[in-house]
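Chain naming follows the written order as A, B, C and D, and within any one chain the residues start at number 1.
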Amino acid sequence: MLVGRRDFLRLTASAGAGTAIGGLVGLGVTLAPAVARAQELRIKDAKTTPSICPFCSVGCATLIHTVDGKIVNIEGDPRSPHNEGTLCPKGAAIYQLHVNPNRATTVLHRKPGASDWEVVELEWAMDRVGELIKKTRDETFIEKLPNGKLVNMTPAVFALGGATLDNEFNHVCQKFWRGLGVVAIENQARI
Amino acid sequence: MGSNMAECHPVAFRWPMKAKLNGAKLVHVDPRFTRTSAVADLHVPIRAGSDIAFLGGLINYVINSKRWNTDPFFKEFAVNYTNAATIISDDFKDTEELEGVFSGLVKFSEPAFWPYNGLEGRYDNATWQYKRGPRPAPARVEITRTTAAAGAITKDLIAKRAGPPFDDLVRSLKLGPAEKDPTLQNPHCVFQILKRHFARYTPEMVEQVCGSPKEKFIKVAEMLLESSGRDRSSAFAYAVAWTQHIGRPGAGVMALRGHAAIQGSTDVPTLYHSIHGYMNAPSALRPHETLRDYMAAETTPTSYYGNTPKFLVSYLKSMYGAAATTENDFGYDWHPKILGDHSHIASFAAMADGKVKGMCCVGQNPATSLNGGATRQALRQLDWLVVKDNWLTETATHWYLGPEVKKGEVKIEDIKTEIFFFPSTQIAEYDGSFTNTQRMLQWHSYAAKAPGDCRTDSWFYHNLAKRLKKAYAGSKLSRDQGWNNVSWDFDPDAGEEPLYPGEISARKVLREINGYQTADPKQHLKGFAELKDDGSTTCASWIYCGCYPAWDQNLTARREPDPPGVPGAHLKWGWAWPANRRVMYNRASADLKGNPWSERKRWIWWDPTFVNPPDPKTGKPVPKGKWVGYDVPDFGATKAPDAQPKPDGIGLDALSGTQPFIMRADGRGWLFVPAGLVDGPLPTHYEPHESPIQNPLYKQQTSPVHKVWAPGKPYNKLAVVGDPKFPYVISTYRLTEHYLAGAMSRWLPWLAELQPELFIELGKGLAQEKGIKNLDWLVVSSPRGHIRAKALVTDRIGVMQIAGKRIHHVGMPWHWGWMGLSTGDVVNDLTAWVGDPNVSIHEGKAFVCNVEKA
Amino acid sequence: MSDTFFSGAPHWAWLIILYFFVGGIAGGGSLLAAIVDWFGAPEDRPVARTGYNVAAVGAIISGALLTIDLGRPLRFWHMLFQSANFPTLMFKGWSPISFGAWGIFLFGLFSVLTALGGMAEEGRLHNPALRAVGGAVRGTLAKVVGGVAGLLGLFIAGYTGVLLSVTNRPIWADGPWLGALFLASGVSTGAATLILLAPGRGATEQSLARLSAFDTKALVVELLVLVLFVASLGAVNRVWLSFWGLVLLVGVGFGILAPLRMHAQRRSLAGAARLVLLGGFLLRLATIFASEGIERYRVAAGM
Amino acid sequence: MAEAMGFFTDTTVCIGCKACEVACKEWNQLPAENGGVRELSGDSYDNTRKLDGIHWRHVRFIEQFKGPYDGRWLMMSDVCKHCVQAGCLEVCPTGAIVRTQFDTVVIQSDVCNGCRACIAACPFGVIDINPVSGTAQKCTLCYDRLQVGLEPACSKACPTDSIQFGAIAELRTRAEKRVAQLKSQGVAAELYGADPGGPLGGLNSFYLLVDKPEVYGLPRHPELPTTNLAKSGGLSVASAAVLGLLAIVGLRKRRMDEQSRGGGGNV
């Protein structure tokens, strides 16, 4: 019945005026259903990796499709009891977090007072940051307060960030700083 | 309420919308008519900063309603599962008696060694305590002075360096039984105090304070009453800091938190005030001198927190490994103590004074955060700054693109900070787990390689740790011993390939968080019940214990939903702390006898016929009966509803079978909070620091203990009450299309085009008064600064009648900065360094401003 | 409000306007050339030859304009053949753009043949291949080919308006007169073009006078149809309250009324013809852009 | 042919989150306009404004207020209607636009040559040129996903199930139930495009609206463009006849006396 309704003759008849001009025919052309030549499914041979949306705290599950190690698609995981495959606009845009020409990919360094960045080696920058942490810690460490309380800490280093990152990062981060005696460790939870 | 769930958590809002299709009523109380209001059954406008008045009004309305006073359900729940019947100390004075403050208010003097607490006053909560009978005689404590007053026994145990085990120390902390009046008639019982406290929160007063029309307020109260009862429930979605469910399915207060791992970063605390599993960070301001001092001060003997010594010792073992021994109190002295408030704002206030010299900022963008001008001024004082992020953020570029530099107020060469930028990996480029707002840990797996020098953020600290271990190796200085003894073993084991050169094994980190038998790290702990206080267990986070119950069993990676049609706690999807429970305090979903309050709302219940296997440890038979249902019971699994507390019991043994709130000292929900909150035992309406009106409820204008950091500093100026220069109330907020400070959304073309520019929403009335047309450029100012934004003129926000004054309300989304595809001024340049004393959360959602055409 | 206001603009702009204008001239020129060829006097032969040349050049320009205007010009042939099924023809008798493509193609073919015939007759073809083709088109065959070109010209002049009508766009689809209007305008501008160009090919004063007299009639028809067109738009006419309404007025004033007055006063034929061309152009300009400029979200916003 | 598939969009549960817009772009790899660098439109929260070649989904925001906080905010996710009688498909001169086995209407980008006739033919303003491909584009109802049994990207992403995908017959039943529920609550809800006897033979993407279609930017009586063909063509032929006759009369071979008067008669 559906096919019949969409039959071309019926179509033009319901369109009314169409048939009024003689010869309104198509050479080899009909409006009947056909299988279109569509582009190949992008994720046909993709590997699927389970992941989680990195934006808000709902914890929507996602599926990442990769072909030859390149991300081709990210969409909601329909199995998830939280999101059942749905996503919000940010979640739907996770792909562009990864595949994006604006991404920063090099290490930058600005000398004190300089007016420009310099691109530097990753290992050099790590060494330098390590030196600076040690210098500041050694210069500001407090073993005991004037009132004699043992505190073994330095208030002079501030570590910020963690709420957008993994539990594992948070553990490593707080263990690192607390191990060194740094207590000013904060993340987005308070702001 | 106060939350814009549809916009900020659209996917979570899927469920309220489904409930709505099933007949649930949705009420939205908000200063703006938002996308949440658009689908709500009722929107009630409210002035930003007046929520407590509204909620207080609801409490007053409900407890004086006929229904509440006649339906026994309410009384049964309140008398038994909350502290409504508990009697409070005779010395307690309420705000009713002291014109808006509670008894115990004392002046606070900033200590010279860390004057960044932002406080002028603080409460001594001694008068807020329960009235108690005599302290029980400690049965098994072998000490001589059995007649000692409360506290002395503990001191003695501390002096004797008693334990481990620390059970005696914990037992010695037990207080006498709290007095109760189940009839709720005693004038000193919580219920009567509550009733008096909220009596002045009438619908008329709500209208005065909140600007919410009285009829709409009453409608909300009636709707709330209608959907209360044995088979009904109500939920408050509220953007507060702590997740808490009230034990019944579909009920409770729901925190809607902002970030993917914000719960995780609170549990695994990259927060100054706590160490793993919500233990307070050892502090110079508290009696935390020694391990036992800390235990005495922080252990609640009659709740699950009676196990605090086990949590703490297992945590210290995770910090210092083999070096943590009984002899050195498990390295407690090495652990740093906080000096006071080192929270976000306090740290920037200290930084502005030159007290903080170096900063590592990983995945956060403070340059657009609270009081942006002051924050950037503070950043410019740093000796060194590391920014690690996926994008060049405002924090990374403030020194050459910040508004002060652009305007020429600050010269680049005068900024002496050495600055680093490290690029980061994105979610699909590494392994790890997030803990969502429901406390559920979910694993995400590596799928693709990150480009260039992008490394994980864990990689960053892991490789710094290796460098600093090397740098301090061999140091004999006492202050370096803590660091030298920190255990650091996160390199992948043989057979596991690192994702990047030098990358950690995220699984190994989670294993340390979960915990294991110290003697054999391959023997994982299956749950926190296995924790010991003698160092034989190593576990960073007692609340996460059980997420990795065996070497090869990462339960956070599970993705097995319940089949369709099952009420479904989906216990095999991910893993929720504690112990994979999905609804906390779920004992409260059943009545005193252990039966569900109603069949419709059943969740767990007592099955008296259940045949238990014998105790696996002792081999003794266990009596019949077990808590069963859809969830993991948050209660002793075989503890019968009629079980009585053991006289000398500690921990759960000190609670009966009808005390569901097992983390509270009395096992009950607290309507009156004797300890834990520093600004009063009952919610009380105070005006925001910057307010257009005098507090209509009390003589006390603002909370007497609220925080103002950097008071009097030129970069944190504050408006006076009713300041004519700043006549409008402003709230800042988020949009669905962007993410927080914008680093993760303003660079994404698909999101940038959806909300391309900053705007200010203002009412048609105000626009008319000021001759403002839609899309006009406006200047918005506060005492801290002024910014430009385009006008979005709408009736979705507007004028309110507050305490007899006509007050315009405006609103601005705060996602913008100068970087990215979608740019705009920094809205937080308007906000102040003012906050609450409990958790130091800012007041950036309710302050005052002026609006002029540009 | 007309339902047409919810549709989207196809961005038919300058190239298409030029095409409609040039196509109209070519079609009109071709028609007049064929009529002169068939019914006219022998001394009108230069007019006919001019007309065929105008038609041929116009057809080529038209085809070029249409092709350049395509989003993917190299796929112009997809309108004639089924790309996936070459060489099966692609033809939809109910779609003006489909049969129009065929029309333009055939019109180009026939008008170029006729023009070559005329040029061969004048001895102006030097390329041997072209001379051979042109030489073949003579006598009765030339007349037949020219006649077909004339009929196709009539089609080309008019179908563009029908094409606009067979859409869901404001103005275009709001009344049925656009085909007739463009046809009249095509014929009038075609005549005007011949008046301007034919003298160069040796046309006589009398030929031009007759052309001019016919142009007057065409203009009158055009004006009449324009009035009917505007009347048929009804409430949609409010869209003329814009710059393009002014353009239309200018077009009518200078392109129809002024030439009519000049004809009545027997003033410069060439001057009137130039104004007719201007008018024809402005008519298309105003019709296309007045519709193209309507942004649909303004409608939803009630603006 | 397989069963007719399509969308039912219940605008009363739309929260205007625009997940559908982004999910569509992600799956179909459509660019943002001007790389995402744009200006605020000032039209409520709608900054993409319309459906076009790179916006195959569009969420419309309609503010209806009588005064501060007094009114409603309607939202609707719009998309190609996949008309049962599709104007675009009718006029397409290249055969690029086809009806698929799912009764959806798809533009084959490798056939389209960018003539843009379909843009003007669509009564809903759905189609436009994608500047990247140079061809006309619109929603394909994720034809590639449908062929392997996957749900279209937009309806899959929709957090509140405002966009529902399924067999048209089943969707209609569901939609009628929802209308009945809303009507019982006193909401003036109506379906748009669900009637197979209605305009264009029904729409395979139909909507539940609570106001007049125009309010949502939808034509009340959408028509096929070819409705105008006969009349417009007929009048053209008639005027061609008139002008042809006038030309034959005016330009025919005449008697010498007429010629000598020079210029012929002005009629």
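The rule is short, and it goes like this: a contact is a pair of C-beta atoms (placed from the backbone, for glycine too) under 8 Å apart; a residue touches a chain by one contact, two chains touch by 3 or more.
None of the values given here were measured: they were computed from a predicted structure.
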Query - Of all other chains, the one whose Cα centre sits farthest from chain A - result: C
Query raised in the report: Taking every chain's C-alpha mean, which one sits closest to the mean of all protein C-alpha atoms?
Result: A
**Report entry** Centre distance in Å when chain A and chain D are each reduced to the mean of their C-alpha atoms
**Finding:** 33
**Report entry** Distance between chain centroids, defined by C-alpha means - chain A, chain C (Å)
**Finding:** 56
Query raised in the report: Approximately how many whole Å separate the CA-defined centres of chain A and chain B?
Result: 25
Report summary line: Between chain B and chain D, the Cα-mean centres are separated in Å by 49
**Report entry** Sequence positions of chain D contacting 2 or more other chains
**Finding:** 17-19, 21-22, 26, 90, 95, 110-111, 159, 226, 228-229, 231, 233-234
Query raised in the report: By residue number and range, which residues of chain A touch two or more other chains?
Result: 12, 18, 21, 24, 29, 37, 74, 83, 86-93, 96
Requested in this report: Return the residues of chain C touching two or more other chains; collapse runs of consecutive numbers into ranges.
Outcome: 82, 84, 90, 92, 94, 98
Requested in this report: Take each protein chain as a node, join two nodes whenever their chains touch, and name the resulting shape: line, ring, star, complete or other.
Outcome: other
Query - Which pairs of chains touch, using the document's own definition - result: A-B, A-C, A-D, B-D, C-D
Report summary line: In the complex, chain D touches chain A at residues 1, 4, 17-19, 21-23, 26-27, 29, 84-86, 89-90, 95, 98-101, 103, 106, 108-111, 140, 143-145, 147-148, 151, 153, 156-159, 196, 201, 224, 226-231, 233-234
Query - For the chain C and chain D complex, residues of the former touching the latter - result: 1, 3-12, 31-32, 35-36, 39-41, 44, 69-73, 75-76, 78-79, 82-84, 90, 92, 94-98, 100-101, 154, 158-159, 161-169, 172-173, 176-180, 183-184, 187, 205-206, 209-214, 216-218, 220-221, 225, 263-264, 266, 296-297, 299-301
Query raised in the report: Tell me, which parts of chain A touch chain C in their complex?
Result: 12, 18, 21, 23-29, 37
Requested in this report: Name, in rising order, each residue of chain D that touches chain B in their complex.
Outcome: 12-19, 21-22, 25-26, 31-40, 42, 44-45, 47-48, 63, 65-75, 159-161, 181
**Report entry** Residues of chain C that touch chain A when the two form their complex
**Finding:** 82, 84-85, 88-94, 98
